[in-house]
Amino acid sequence: MRDILFELLQLVVIVLVAPLVTGFIKKTKALLQGRRGPRVLQPYYDLYKYMRKDAVVSKASSWIFTATPYVVFGATLAAAALVPVFMRDSLFSFTGDLVLLVYLFALARFFIAMAGVDTGSSFGAQGASREMFVSSLAEPALFVTLLAAALPAGTTHLSSIVAHAAERGWPTSPAFYMMVVAFAILVIAETGRIPVDNPDTHLELTMIHEGPILEYSGKSLALLQWSASIKQVLLFALLADLCFPWGLAASADGPAVLAGLAVFAVKMAAIGVIVSCVEMSTAKMRLFKVPRLLGAALVLSLFALTAEYLM
Amino acid sequence: MLPLWTLLVPVATGAICYAAKGTRLIERVHLLGSTVTSALALGLVWRVSGEGTLTALGQFFLVDALGAVVLAIIALVGWTASLFSVGYIRHELQEGTLDDRQVKQYYFWYHLFLATMLAVCMVNNMGLLWVAIEATTIVSAFLVALYRKGEALEAAWKYLILCGTGIAIALLGVILLYASAVRTLGDAHDVHGLLNWSFLNNPDIRLQPGVVGLAFVFLLVGLGTKVGFAPMHFWLPDAHSQAPTPVSALLSGVLLNCAMLVLIRFAVVAGHTIGLDEIRPLFIGAGLLSILFAFPFILVQQDLKRMLAFSTVEHMGIIAVAVGIGGAAGYAAALLQMFNHAMAKSLLFMAAGNLTQKYGTKQMARVTGALRVLPFTGPVTLIGVLAISGLPPFSLFTSEFSVAAAGFAGGRPWAVAVMLAGIALIFGAMLFHASRMMFGAPREKPAAGELGRWSTWPLLLPLAFVVVFGLYVPPAVSGLIRQAAAIMTGGWAS
Amino acid sequence: MMLTATSVILVISALLLVWVKSIMSSIKILALQSLFLGIACLALGAQTGSAEVYVMAVLTILVKAILIPYILAATMRKINIRREAEKYIGRGVSLLLASGLVVFNYVVTERLDFMLLGSEIQTLPHAVSMLLIGLFVMITHKKAIMQGIGLIVIENGLFLLALSTALGMPFIVEIGIFLDVLVSVILISILSYRMDQTFRSISTDWLRKLKG
Amino acid sequence: MDESWRIWEHLRLWLPGGALALLALGACAAFLFSGHSAVGRRLAHGCSALAGAALAASGIGGLSGGTLTVAHIRGALPFTDILLRVTEFSAFFLLVIGIVGLAATIYAAGYVKEYEGRKSVPLLQAGMLLFIAAMAGVVMAGNVFTFLLAWEVMSVVSYFLVMYEHERPGTKRAGFVYAVMTHIGTVFLTIAFFILRHYSGSFEFARMEQASLPASAQSLVFVLALIGFGTKAGLVPLHIWLPRAHPAAPSHISALMSGVMLKTAVYGFLLFTLHLLQPGPVWWGVAVLALGANTALFGVLHALGEVDKKRMLAYSSIENMGILFMGIGAALIFLAAGQKAAAFALAAVLVHAANHALFKSLLFMGAGAVLKAAHTANMNRLGGLIRRMPWTALFMLAGALAMAAMPPLNGFVGEWLLFQSLFALGFDGPATLLRLAGALAVAALALVGALAAFLSVRLFAMTFLALPRSEEAREAREASLSMRIAMGLLAASCVAAGVLPLVFAGAVQNTLERIAGFSGASSMLEVSPLAIAGADSEIAPAAAGLLLLCGLAAAWALARAIGGKTRTVRGETWNCGEPLEPRMTYTASGFSKPIRVAFQRLLLPSRVLYVDRDPRTPYFARGFTYTGQLPALVENLLYKPAMNLLVAGARLFRGIRNGVVQSYLLYLLATLVLILVWRIWR
């Protein structure tokens, strides 16, 4: 009973913390660039504002456009229920594994892309096309990396992987580090950050993820942005789980959970700092340069696997 | 006495047709005569399948199951073709391509042709077998040369010269066989009976291997020319494409089978002396060569009837391979294939006749949208093409499958593989031409519509056989075929 | 013995057929050849005293030596041919080739032991070589009618063989063969007549429409 | 209870044969009443609907309780008996055939009205019935003759169905290529069967299974079977007929061909590799895996390059067959190593086969509905149909989601199983290299899967969303009731099969239990009504679906709770201040452009830009026409040259028949001499 409660708490935490992480990254980026930047809590204010605003919906669009934000949020929420954050077990771990997780994200992307086309605006369609393009190139690398990550545990079941990795202690094999780098690249690609995409621009030439949601306003926009930040947190958490899964609460008792929460906060902060460093130190790539980056990730993860096999 | 009547009726019919005045009367006589002939022949077949081999006029006539199979083919195809002739000849008369004298000649030679072919299946003496085969050549040459056209003349001439030569070579074989028989058994038996099939088809008979071997080579080459084995088949496409359509149907549906029958009989006899292993490779080689030769000619063919003729070459090759494979299964398959091919090919030739008469050309390139133009003949042609290439649910699938199966069982996998490949390739080529003729939107000329009852209904008979035998072969038929195969195996003691 | 001599004569006459130019003279040679055959047949009849052989001899002389040449000649006259026999290859070469064929066939038949068949069978090589020469004539000549003549040469060779090996085939068969030969010769002359009507020539060069 | 059980037992025996009889009956009815086709149509549809149900039922019936012999008819010759039987293995495929056949029948009732007056409808129906019967016959065949008979009848009938609209340009060629390819494939099969016959001494599958072949013969048979069935399955480079033939046929026939006929190839290949042959060397599996991956990638890339909807679906069928063969390859590798995971891979194959049958036929039917409504399959001329045909759009959305393997639809279950088995190969494959192969396969499958998602978005969005890009699309009307019912049926079964894996996965388990060498299947694969559990992982699709629903509800609730009630106003799409016109909206070819660019080394796309210049001034152009398409590389590089060579050779060879009688005589003489020489100097 108790652990179910805690696992539920886990879910809630993800949903609530997500905008904070976004704000934190914005802030650190600004500071690193020597600006004051928006407040850390700014995303919350934005979301609230959007929620209360009336929405303008394109005449050309259909119910797909209206339904999409809810489907996306729902899918992201479902994904959130699968990922252990500060406990080794997650609420719905029995429903599925890494594959299901990836496909839930894919489901969200599917609907976003269709909504992008639905408005009839060519920005939306363009963004949708690019979104699908980048993701379809990212997928193979992602799956091989997951395989590499799951290999020691010999299962794709997230909680078991985490548990196994936590027992294993600090890995020494080069494979591990290659895997980490590859996964980091993929996380950046999936979260739509520089150098793959730039979340802060609406220039049709550069935007990918922002394209499809260009037409959204009001509640829908709020939901979409919220789920975007949730997805980001989930991916960070996944990175943490697969790469340094230490400090997660093994059992559902207060102190352990508190410790887990603390560790989680630290991890998020660390990743956030790293991400913002990367963002300010690199420029956005041309779209057709992206495949090379992702290809590099794929090769890395394959090397990682080979090394793993040969050890 | 039945065989004698079976011979006399067509001769008489021919004579009357020649003497009679007025097309209508001639047609009636012709129809009556051919019906009676076929009835008699089928009666013979029935008796044979019931009572086994029967003889008449002492030992002069002999009809065994082997001959009965071909006899049945003659009866069925002959009757269908004679029905078809009526419509065809009327149309030619209207077109003015034939005049009354030629029509008389046509019916006269037609029945004589039937008579000679019937004789081939019924005479006992193998020398007379040769005579009968030569007679078929001459008689049918008259039919091939019926039209007053340079091409018809040319075809007839080539037919006569090539087959005449071939048959002459075969005669050399017959003489050697006879000589050897006289040397070894002459003093023991009556010399006149020495060449009788009933006498020679006996495993215990051993003649001189050297002589018989040589004789068989001459027989194979000679009769092979008549059967249409490559590369002696070059007369065949010309004759078949220039003859009047019903005759083409007879030529490739029946005549070649008769020649094959003769060849088989001689092979059986030779087999007693020199054993199978001398003979089988020759048959299989000739068969495969014919199949492979036919393909390129079909692939780049422009003339419809000639394409069908080449497909006949291919099928004679298949039959030869089946005979070469041997064994009860192989022979049964060969005979079944003979029958099915006769049906399908006569069907195709008559359908082709309708097409050519409708479009006024034999050039396949000029025929388009036939499915629409000829609502009956078009589909029938398509079915015929699929059937002839051995696709189910049509009869040739069964027989060709049996050939292949027998081949693998008989330890000739490579021959069968080559054969199957050849068949598949030829299917592709024929389907290519057929689909270009059948499908697509028709041009405005000629206007849609069949030629008439006489040119469509006769096709139903072979069509029925092609479709029904694909799914079900009546036990009577399969029994007859098994008897025939037994005769061949009983002969070929291996 | 006598038959062997005849057969040698026949072969030589056949070679002569390869040599001569005019069609008429080749018809004459054919008639002579058949006559020889008939005479040999008569002699054999005298030897064996079998009625059938006599009948066959008479038939040979009547049909092959008189009737057939007559038909051919009549056709030629009707056609009133203008030019002489045209060939694909010159006379010398063709004679050479023909003799080559003959030699080849002797070599071949050497290798088969025909002692089983007895002594007279020495006519076999001659028969086969007549067959080959006949074929050769048909192949080398362009005039349609010459091909008919070639056919009959072959027939003669075979008849000789039949005669020498077994006093001819069974009687009825022989009759049939005679009939066939006769009818085919008639057919040949009819066809060549129609050829002349259609193409104003009986050269096979006109018979090349049907290809492929 | 006991009574009803006995009735069920009787039914199990009689249903399959009865279904075939019904189909034959219906075909005859269609022919007989071809005069007044209304009666014939009703009869035919009635029969085939019943038959479809009967087939499905007999499939379910056959899934348990041993082999049923349906019919045994003696033939004229010893080896031409006709033997029909149902095993657990074939029952699974019967089930699929039944369901799709039923849907196709219902669909046809409305769809054939399209042809009334133009063409002979009874022929079309008779063809469809015979086609279904032939496919059922293939999986029910109990000996070689019956199998080949049914197999070839299937090909012939489908050939005629492809040629149904033979006046349309390209159809002739499509049908021809199809017929020839499939026939050549059959030759390979025939030879493979005969080799088996040679060693087993029997033409009956049941006896063949006990035969033991020498290794070389086994591999030979395997290769022959791979080529033979690969041709039917459309494996690259034997696929050329598929993208031509499938679109040419009427849509419900395309649905049957893509959905079911291709599965008979899978059935046949499994029949060889699992039943007739003993487990073979590892390279079999590797070869099949590589071939499958290659095919899948090729198929999906070309599908993305295609703007004709039906051709695109056909290519996607190629892709899915590739995926299936990847699964078979994995299974063969495990079998060679004697690993239980084989069961898992096979489960993946069977489940995905069934799923693909469902959603692909659904999509083809939807495409047919659109085609009937808008008279074009060119997606560049469609768009915005969701308003005109809402139901079709809804069902197509289900199909598209399934094709993209999105949870909680059925596509996902198959994809998941396949990923699991490939992961298993990566985790503990027999050898290091094989594990790497597994990893590569995972990468390939992931790429294909993602591209398939791209494809589905493109398929749905470019057809139904944004603005209609042509007059026809603007005039489109919703599909008729029966068509909607059929599509709804399939869409529902897609969802059902996705949420309750039991529907198929359970059947699969029954099947696997009885396939040779999988007695331990259950230990590998546990299927409870709600969840599938493998050794490595488990999913509960139902729970996932529930989770998604909760998520949706939560989203709505949150938005409502935080934002309160807000209004929604309709406005123009922002288009840089311009009013939005249909021709400004993105087209299908533009949508997949990035793929064409990224893979141009592989696909060598051709792009033609035609500029209509203004004669008066060089600076302005009146209009631009841009066409970008993918060339059919395999055909251009492989088949066309071969064909040309063949024809040229034939023309050359035909020269020997020069019309000169003397030369014919020469051939005669030469033959004689040669044989004599052979005879004497041998």
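To keep things simple, chains are lettered A, B, C and D as they appear, and every chain counts its residues starting from 1.
The rule we apply is simple: a residue touches a chain if its C-beta (ideal position, glycine included) is under 8 Å from a C-beta of that chain, and two chains touch if they have at least 3 such contacts.
In this text the structure is predicted, and so the values were computed from the model without any measurement.
Shared contact partners of chain A and chain D are absent; no chain touches both. Chains A-D form the pair joined by the most contacting C-beta pairs. A separation of 79 Å divides the Cα centre of chain A from that of chain B. For the pair chain B and chain D, the distance between C-alpha centroids works out to 44 Å. Annotation: 69 Å between the Cα-based centres of chain C and chain D.
With centres set at the average Cα position, the gap from chain B to chain C is 30 Å. Those residues of chain B in touch with two or more other chains are numbered 157-158, 161, 165, 169, 214, 237, 297, 300. The residues of chain C that reach two or more other chains are 112, 135, 138, 147, 204, 207-210, 212, listed in rising order. Shared interface positions of chain A, defined as residues touching 2 or more other chains, are absent. Of all possible chain pairings, those that touch are A-D, B-C, B-D, C-D.
Every residue of chain D that touches chain C in the complex is listed here, in rising order: 654, 657-662, 665-666, 668-669, 673, 676-677, 680. Within the complex formed with chain C, the residues of chain B that make contact are 125, 127-128, 130-131, 134-135, 137-138, 141-142, 145, 150-151, 153-158, 160-161, 164-165, 168-169, 171-172, 174-176, 178-180, 182-183, 186, 191-192, 194-195, 208, 210-211, 214, 237-238, 241-242, 297, 300-302. Taken in their complex, chain D has these residues touching chain A: 384, 386-387, 401, 404-407, 412, 415-416, 419-420, 423, 426-428, 432, 435-436, 439-440, 442-447, 449-451, 453-454, 456-457, 460-462, 464-467, 531, 536-540, 543-544, 547-556, 558-559, 562-564, 566-575, 580, 584-586, 590-595, 597-598. Considering their complex, residues 75-80, 145, 148-149, 152-153, 155-156, 163, 166-167, 171-172, 175-176, 179-180, 183-184, 186-187, 190-191, 194-195, 197-198, 203, 646-647, 649-651, 653-654, 656-657, 661, 664-665, 667-668, 671-672, 675-676, 679 of chain D touch chain B. Within the complex, the chain A residues that touch chain D are 47-48, 50-64, 69-71, 73-78, 81, 92, 94-97, 99-100, 103-104, 106-107, 109-110, 113-114, 117-122, 125-126, 128-130, 132-133, 135-144, 147, 150-151, 154-157, 214-215, 218-219, 222-223, 287-288, 291, 298, 302, 305-306, 309-310.
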